[in-house]
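Both of the next two complexes hold chain A, though its partner changes from chain B to chain C.
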Partner chain A sequence: MRHAMFAMAGCALVATAAAAQGIPSLTHERYTLDNGLTVILHEDRSTPMVAVNVWYHVGSADEQPGRTGFAHLFEHVMFMGSQHVPVGAFDQWLEAAGANNNGSTSQDRTNYFEWMPSNALPLALWLEADRMGWLLPTMDQAKLDVQRDVVKNERRQRVDNVPYGRAFETMLGAVFPAGHPYSWPTIGSMADLSAASLDDVTQFFRTYYAPNNATLAIAGDFDRDSVKVWVQRYFGEIPRGPAMPARPSLKEVTIPRDTFLVLEDKVQLPRLYYAWPSVKLFHADDASLDLLAYVLAGDKNSRLYKRLVYEMQVAQDVTAFQMSGREGMFMVSVTPKPGQTPARMAQLVNEEIRKLSSQAVSDRELARAQNSYRAQFLDRLASVNGKADQLNSYNYYAGTPDYVRQDAARYDAVTAADIQRVVRDYLGKPKVVLTVVPEGKPDLMVKEMGDVRIP
Partner chain B sequence: MSGFRNCLTAAILGGVLGACAQAPTPEPVPAPVTPPVAVAADTPRAPAFDRTKPPALGALGRLTLPPVTRRQLENGLEVLVVEHHELPLVDMILVVKTGGEGDPANKAGVATLTASMLDEGAGRRSSLDIADQEAFLGVQVGTGSGWDQSIVSLHAPVAVLDSAMALFADVALRPTFPVSDLERLRKERLTDLLQLKDRAPQIADRAYASILYGERHPYGRPLTGTEASTRAIARADIQRFYQTYYRPNNATLIVVGDVTADDVERRVRTLFGSWARGNVPAPRYTDPPAGLATAIYLIDKPGAPQSSVRIGSVGVPRSTDDYFAIQVMNTILGGAFTSRLMTNLRETHGYTYGASSGFSMRRSAGPFTARAEVVGAKSDSSLIEFMKELRAIREAVPETELEKAKAYLQLQLPGEFETTGDIANQLVPVVLYGLPLDYYNSYVQRIEEVTVADVQRVAERYVDPSKLAVVVVGDRKAIEAGLRSLNLGEISIRDITGQPIR
Partner chain C sequence: MKRLTPLVTIATLAAAALPARAQAPRETPPAPGAPKDFALAAVRSFALPNGLEVTMAPYGITPKVAVRLVVQSGNIDETAETTWLADLTRDLMLEGTTTRTAQQIAEEAAQYGGAVAFNVGMNESSIGGDVLSEFGPNMVRLVADIARNPKFPETELARLKANRLRQITVAKSQQQQLANEKFLSVLYPNHPYGRMFPTESQVQSYTLDQVRAFHTANYGARRSHFYVVGRFDAAAMEAAIRQSLGDWQPGTEPVFNAPAPKTSRVIHVVDRPGAVQSTIYLGLPVVDPSHPDYVALRVTDAILGGSFGSRITSNIREQKGYTYSPFSTINPYLKNAYWAEIADVTTNVTGPSLKEIFFEIDRLQSEAPSAQELQSIQRYLAGIFVLQNSSRNGIINQLQFTELHGLGENYLRDLVRKIYAVTPADVQRIAREYLKDDTMTIVIAGDRRVIEEQIKPFGTIME
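Right, the complex of A and B next:
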């Protein structure tokens, strides 16, 4: 993420509620320019606002070993001006027009977006076109160096100066084998950030930042004919780039046996993490794993929350999460209350997982998970900014921009038997068990699982 | 993913900064105004154009906000309704006009704990029943308290509005405050306070408030309490707070979404009509202490790779006549991405991922704060740049910078009224601070009237480099010598609550 201070509140997207049948389709027009740029238009005249959202189909999983964090560092450099946009002017011109903007990088893609009063649309399109076509002529070492420092501070602020901040990257490195493109974190390592060179910027741009590797979504209040003219005018003469390098096909990730790790950190309380290799987004079991995460830790009545936090009060917090992109990982975490041990937490978590594998969840439990999980779909359509990103996301991962109803329907289709099956198929397999412990207390590490056979 | 409930509450409380409702018609873009060129869609190739110049902007679209309908029940409950029929959703916020300011002096945290307890048992429903119903309906009920208000919110599809409102009304009107749930939350809070020691930015926020306001002003005490106050709060304190302040004549219900005003009124009469009035004491703020000479308060966080910096002083209440001038001044100083603090500390020097400033305006004078998380090795250099900007903002700002800041503020408006949740949140300050329902009709004009002289006047008045509290939470061993060499003022070493170390 390029900056946090003035971005949309990230959590607003998670907020919630809807009944699946009320989800409207995202009517759109999709077309491709001669240079390969895919354009997706969705009109919504309800507010005089418009959102521009560009996805480049490159992310941290495309990085080379020794250059982790580069895709995200490059995202930052994209805001430093281009041939016709002096340093600083990108933001100044947009703000003067009442626009906000930001960008973000994941393993799979990098996005850039502006949302603004609808009259500022041509400005945003022109700015996006300039950095897509004319970034390099004014690129220099100073632009790279200052953003390198900014990104190192982003890493400090999000990872190094945050309790348990290094747990996630530690688990990625343990679940995915060395060299696997998901084995390093998107933010990268300090050493690799230091090593990034101006030549890397040039090569990366020439390889990945081509119109044929990008999609441009525009959602909101606009006149379709005018927009098509602007898009052609600003983006049309950007030359098509070379074919994208083939992404290595990802082999199924398996962990031969339970792997136990310990990480000392400046924390008052230890925390226990489990991570299993799982499945990618839209895999047949992806929605079932999302609902399993909810059943485990989604609300007060969820299995782990109710037993460990609410009833026994031996844990301060619990989480469960199915992370899925082009790869997937399922995670659980528990923070014991003062005086409780990670080993005890492991025993309780194992008991709950075993119960879920031997007996189906109740109808009510399933309904709670389905209704809550599905509830967020309407909310993603409430703002033009959210809609533009949805169009690009579905276009990329599902092959069509209008996939919101099909996406929601996945959750309706999950049965109690599906949840029981994914517990056995995924949580029954070997995993990574990480204990984050207060400095000097490595003895709190969970070193073995005891009897955790899943029937 | 779990844990989103806290997020929602935070978003709602965080929204209490802007203000409110009805038909603004902004017309002030500084850029040259040329209507967009309309060309037939089948034009194969756009005509030649000059790529070296940014395109001129078209005429600004008119934002017509649906009007706010005001109703009032016999018991004094005010109801504001905004119809918004884009999606089949409804957002409601019950605003109770008392928050942490109403905490007894030795029991900081009563307001927030009362709010947290509302959905731990209500009517015949247990804590788990409430959570079950919420999830089953696919709705969200949120509760929380700020300094000036306590809030119960509902976000729901209209399809389940009957059941959702019944749940909402139970939580707001019939909380049972079960002892066992109170003890559980107390334990959670005490554990949170233990974990606070791990989080430098939060340590800095708490210590900064304590140093600026001291023990005697409510703002000097943490909204969510201290260890001692959390242990001291009794169930009776929570019942008393609820009985005293959660009264219809001290509340407004904001409803925005796919509903009609008449239908809302009918439902609200049924559910809230028998809510009994009470004698609600007026807020009682003591004056904030006078600012002390600029000094550095250093809090040790051994090994921290960054330092959390908070710099500022007691600011102004929301009722200030200088509101608009301050908004413009702060936008230039640290309220936008292109602000001076962000440009200097991040984009020029790379010391931080983000630097900003803001005035927290409440019923009484909340703090003015400039802030950043800076790389430890540049703690001293960062303070030099902060001080440079805090001095420079007192000089006349260039006209172009003023115009950009004004346009930015004015043109944010449409985006702040996009969703049902946005609109409901924008009405909260209107309710709390007695702004007119058509407040936003004049917003653009009021910003437009701000001059270079106004900005300079409020900067001189409210940003005084000789009277700043400078709080730094970082690795003392690595940063203390650098901070001392700045000669900014006296340096005192404080504990994590901001108190002198004895």
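Right, the complex of A and C next:
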């Protein structure tokens, strides 16, 4: 026993020195079954754990107006059992194997995942295969109706009954033009959820839930030969589906002039939101925009936090982020303290943006932002669950599962001049400005920007 | 003196319960393979002469290290007049030390690839961070400086009070927070466990002298434990800890203020006119982790409402669609805990939700679960245990929990075995003994006018 422990400590030291600051690569094997299912295997034997992660390349951006929220509602229905899995058994069987499971839906994809002690791997694969191949034989109105109610409660709990809960979907609808697939929220509208029919479920499954539109990533402790046998046995007989409908190519989004909106809500304090159309994931300016968001509001020494929250004490909180998928949007929000107005916040935010456009950030500011991103990359790779999702994500967005070091390198390559440039190129363009105000106080709305010329 | 905990391995899963089946195609799920033993992180612990305990555990392959200084002090050390003084003390400790400004603290941590996490809890407070491995010793020194040498700048006091007041205002606009506050105040009257928020005038009254006194009384080596988990240079980390905390004042042992929990079957309504959902808190005080029944209580909770496949969740979510995120939980304070089922349900099914929750509690009391249902949940908890011990901060959480509740060094080694030792009769007994319907406290935050008729049958509504 003692021997084992000292051996372990010794390994740790050597590897720390060698890996130093490095981001590990995700060595993997990728292959495709005859039915088109892409399989990605990554072995990591450091703990007796394994993760299964399935991506279907369909999300809310594939929905039609009038059926918003359907991709996510469908995700819920996927947990209601399939031909060989009774209602309720999906969770119960996995939990009985010591496994956790969940799923999520974004604009671009839907994922399903299990993470568990490694001996439960065949069960997880079998369950994923059953719902990929045999969901419809036992699908019925009752399954749809109960999950429709659950999803409506999810919307109430996350959006309608939460302070500022409707701000994000309001911004989406204003930044992206009507009919643009990013213009509606993934959760959908209550009316569209009510309209979803059993026929929609059948059509959606037949259109999108085919092995040729899915990737299966497995990361963790497994024997590669055994896994390949299981994957072939469970998934191999699922028939290939039709080719995916072509996704409309997304036109560049521009806003002709600053747009001002107001939303009355059950809130104590108003909050000011800005949103600019930006760039998609892996665009040449995407990493610079991520780092810009950090420089603006990422930590206590960030520009907006330090000045508005800490020094002047006029704001309660500030946020900034670059959201990027197949489209991008850059957002900033500021909550004024009582007695301070959103208009005053707008003036200060504009001043800080102007400063960033006229003078480069310091080396230390840039290094802090870059170190924070390096730490985040490591965190995402810390669990087998995180690794499996990263493999699928990179495979989808970058075309290769092992892209993490190239991804990290994008952030190392950003210079102070890049940040200054993206401020001018993106934050200098027209934007959407939304003020969420307490009910009965629409006068607090920010209605104009004044002089915000960016050099 | 050094103490070595041997590397222990745990058989986390019982042998397959399902009979071995032929590999029939598709119709039946594959039986699980043979479980592998799971190795807990090898832990090395030692104490410094001033009483500070240190525990270090190499873990994982990611070049990061989590450090955390845990001080056994928190809101429990407040009086009825000083709620959140512990939190305000924390806020001021982050405003700078005798040699670092607040900005420098934040900037240093960011340079190390992390941030300072300083959490004040009911029984414990912790200062730490998860940083790139090469900066581990630097992070130790930063954490030690924050704990030991606060500057307590008077200039920041008014701003920090105002921040806390805004935080209260924002929290009180959230229905779940209001329900939680009411629930705690009913269960733990006249005790810090029952005080979620201070009043505005209280916060305004706090002085810098009170903050200084709180720090002096509660922060010291004898009630503290330093944890290091991840990839690190053990010699460098130990040296940094000895150098930066070896001469920290010992301070006093913690003084425990025992709670006298109360519960009775009445309904407390927090009125939220127009609310589209009702937030339900339904529960009561139960035994704490040091009690022999605690493990069986956890198993019972997981069957009843504490897992996706649990009875209450299946009933009110997967069969009826009343709610999105129902769950039950045991919240373990030192020397007392509470069990609660918590759910945001559509307003018009508030009464029916209560009916189903009680139905499931009663069913477990009147009939022991099947051996198969129990074994399923035991395997689930064993699997969760592996997950909980598979991240740097997860491992620290486990070690910290063991230490706080005085569970002994074999606790983590034996936990899985104890989970599997629980019998169906135990679960039924636990449900009867601890989850008594007739003393269950019910709190509902929602639209009183709409729900009143629905909830009346479930208890007297408090005015």
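Here is the rule we use: the second predicted complex is superposed on the first by the 434 of 455 C-alpha atoms of A that agree within 3 Å, B and C clash if a C-alpha of one lies under 4 Å from a C-alpha of the other, contacts with A are read in each partner's own complex, and residues count from 1 in each chain.
By our rule, a residue touches a chain if its C-beta (ideal position, glycine included) is under 8 Å from a C-beta of that chain, and two chains touch if they have at least 3 such contacts.
Note that this is a predicted model, so its numbers are computed, not measured.
Enquirer: Overlaying on chain A: chain B and chain C, fit or clash?
Expert: By the criteria stated at the top, chain C and chain B clash after superposition.
Enquirer: With both complexes overlaid on chain A, does A:207 touch chain B (first), chain C (second), both or neither?
Expert: Neither partner.
Enquirer: Quick one: is A:372 in contact with chain B, with chain C, with both, or with neither? Answer first, second, both or neither.
Expert: A:372 contacts both chain B and chain C.
Enquirer: Would you check which partner chain A:319 touches, where first means chain B only, second means chain C only, and both and neither mean what they say?
Expert: First partner only.
Enquirer: Thinking of the overlay built on chain A, is A:297 touched by chain B (first), by chain C (second), by both, or by neither?
Expert: Only chain B is touched by A:297; chain C is not.
Enquirer: Return first, second, both or neither, reflecting whether A:236 touches chain B, chain C, both chains, or no partner chain.
Expert: In the superposition, A:236 touches chain B alone.
Enquirer: Which of the two partners, first being chain B and second being chain C, lies in contact with A:224: first, second, both, or neither?
Expert: Only chain B is touched by A:224; chain C is not.
Enquirer: Quick one: classify A:341 as touching chain B (first), chain C (second), both or neither.
Expert: In the superposed model, A:341 contacts neither chain B nor chain C.
Enquirer: Can you pull the chain A residues that chain B and chain C both touch?
Expert: 4-5, 9, 12, 15-16, 19, 22, 24, 46-49, 84-85, 88, 91-93, 95-100, 115-123, 126-127, 130, 145-154, 156-157, 160-163, 221, 230, 233, 266-269, 299-301, 306, 310, 313, 316, 337-338, 364, 367-368, 371-372, 374-375, 378-379, 381-383
Enquirer: Tell me, which parts of chain C touch chain A in their complex?
Expert: 4, 6-7, 12-13, 23, 25-30, 32-38, 42, 58, 60-64, 102-103, 106-107, 110-115, 130-134, 159, 162-163, 166, 169-170, 173-175, 231-234, 275-277, 307-309, 314, 317-325, 344-346, 375-377, 379-380, 382-384, 386-387, 390-392
Enquirer: Under the stated contact criterion, what part of chain A meets chain C in this complex?
Expert: Those in contact with chain C are residues 1-2, 4-5, 8-9, 12-13, 15-16, 19-22, 24, 46-49, 80, 84-85, 87-88, 91-101, 115-123, 126-127, 130, 134, 145-154, 156-158, 160-163, 221, 230, 233, 237, 266-269, 299-301, 306, 310, 313, 316, 337-338, 364, 367-368, 371-372, 374-375, 378-379, 381-383.
Enquirer: Provide the residue numbers of chain A that touch chain B in the complex, in ascending order.
Expert: Going through chain A, the ones touching chain B are 3-6, 9, 11-12, 14-19, 22, 24, 46-49, 84-85, 88, 91-93, 95-100, 115-123, 126-127, 130, 145-154, 156-157, 160-163, 221, 223-226, 228-230, 232-234, 236, 266-269, 293-294, 297-302, 305-306, 310, 313, 316-321, 337-338, 364, 367-369, 371-372, 374-375, 378-379, 381-384.
Enquirer: For chain B, which residues count as touching chain A in their complex?
Expert: Contacts found on chain B: 1-4, 7-8, 10-11, 14, 29-31, 36-41, 43, 45-47, 49, 51-63, 86-89, 127-128, 131-132, 134-140, 155-157, 159-160, 184, 187-188, 191-192, 194-195, 197-200, 302-306, 336-338, 342-343, 346-354, 356, 373-375, 403-404, 407-408, 410-412, 414-415, 417-421.
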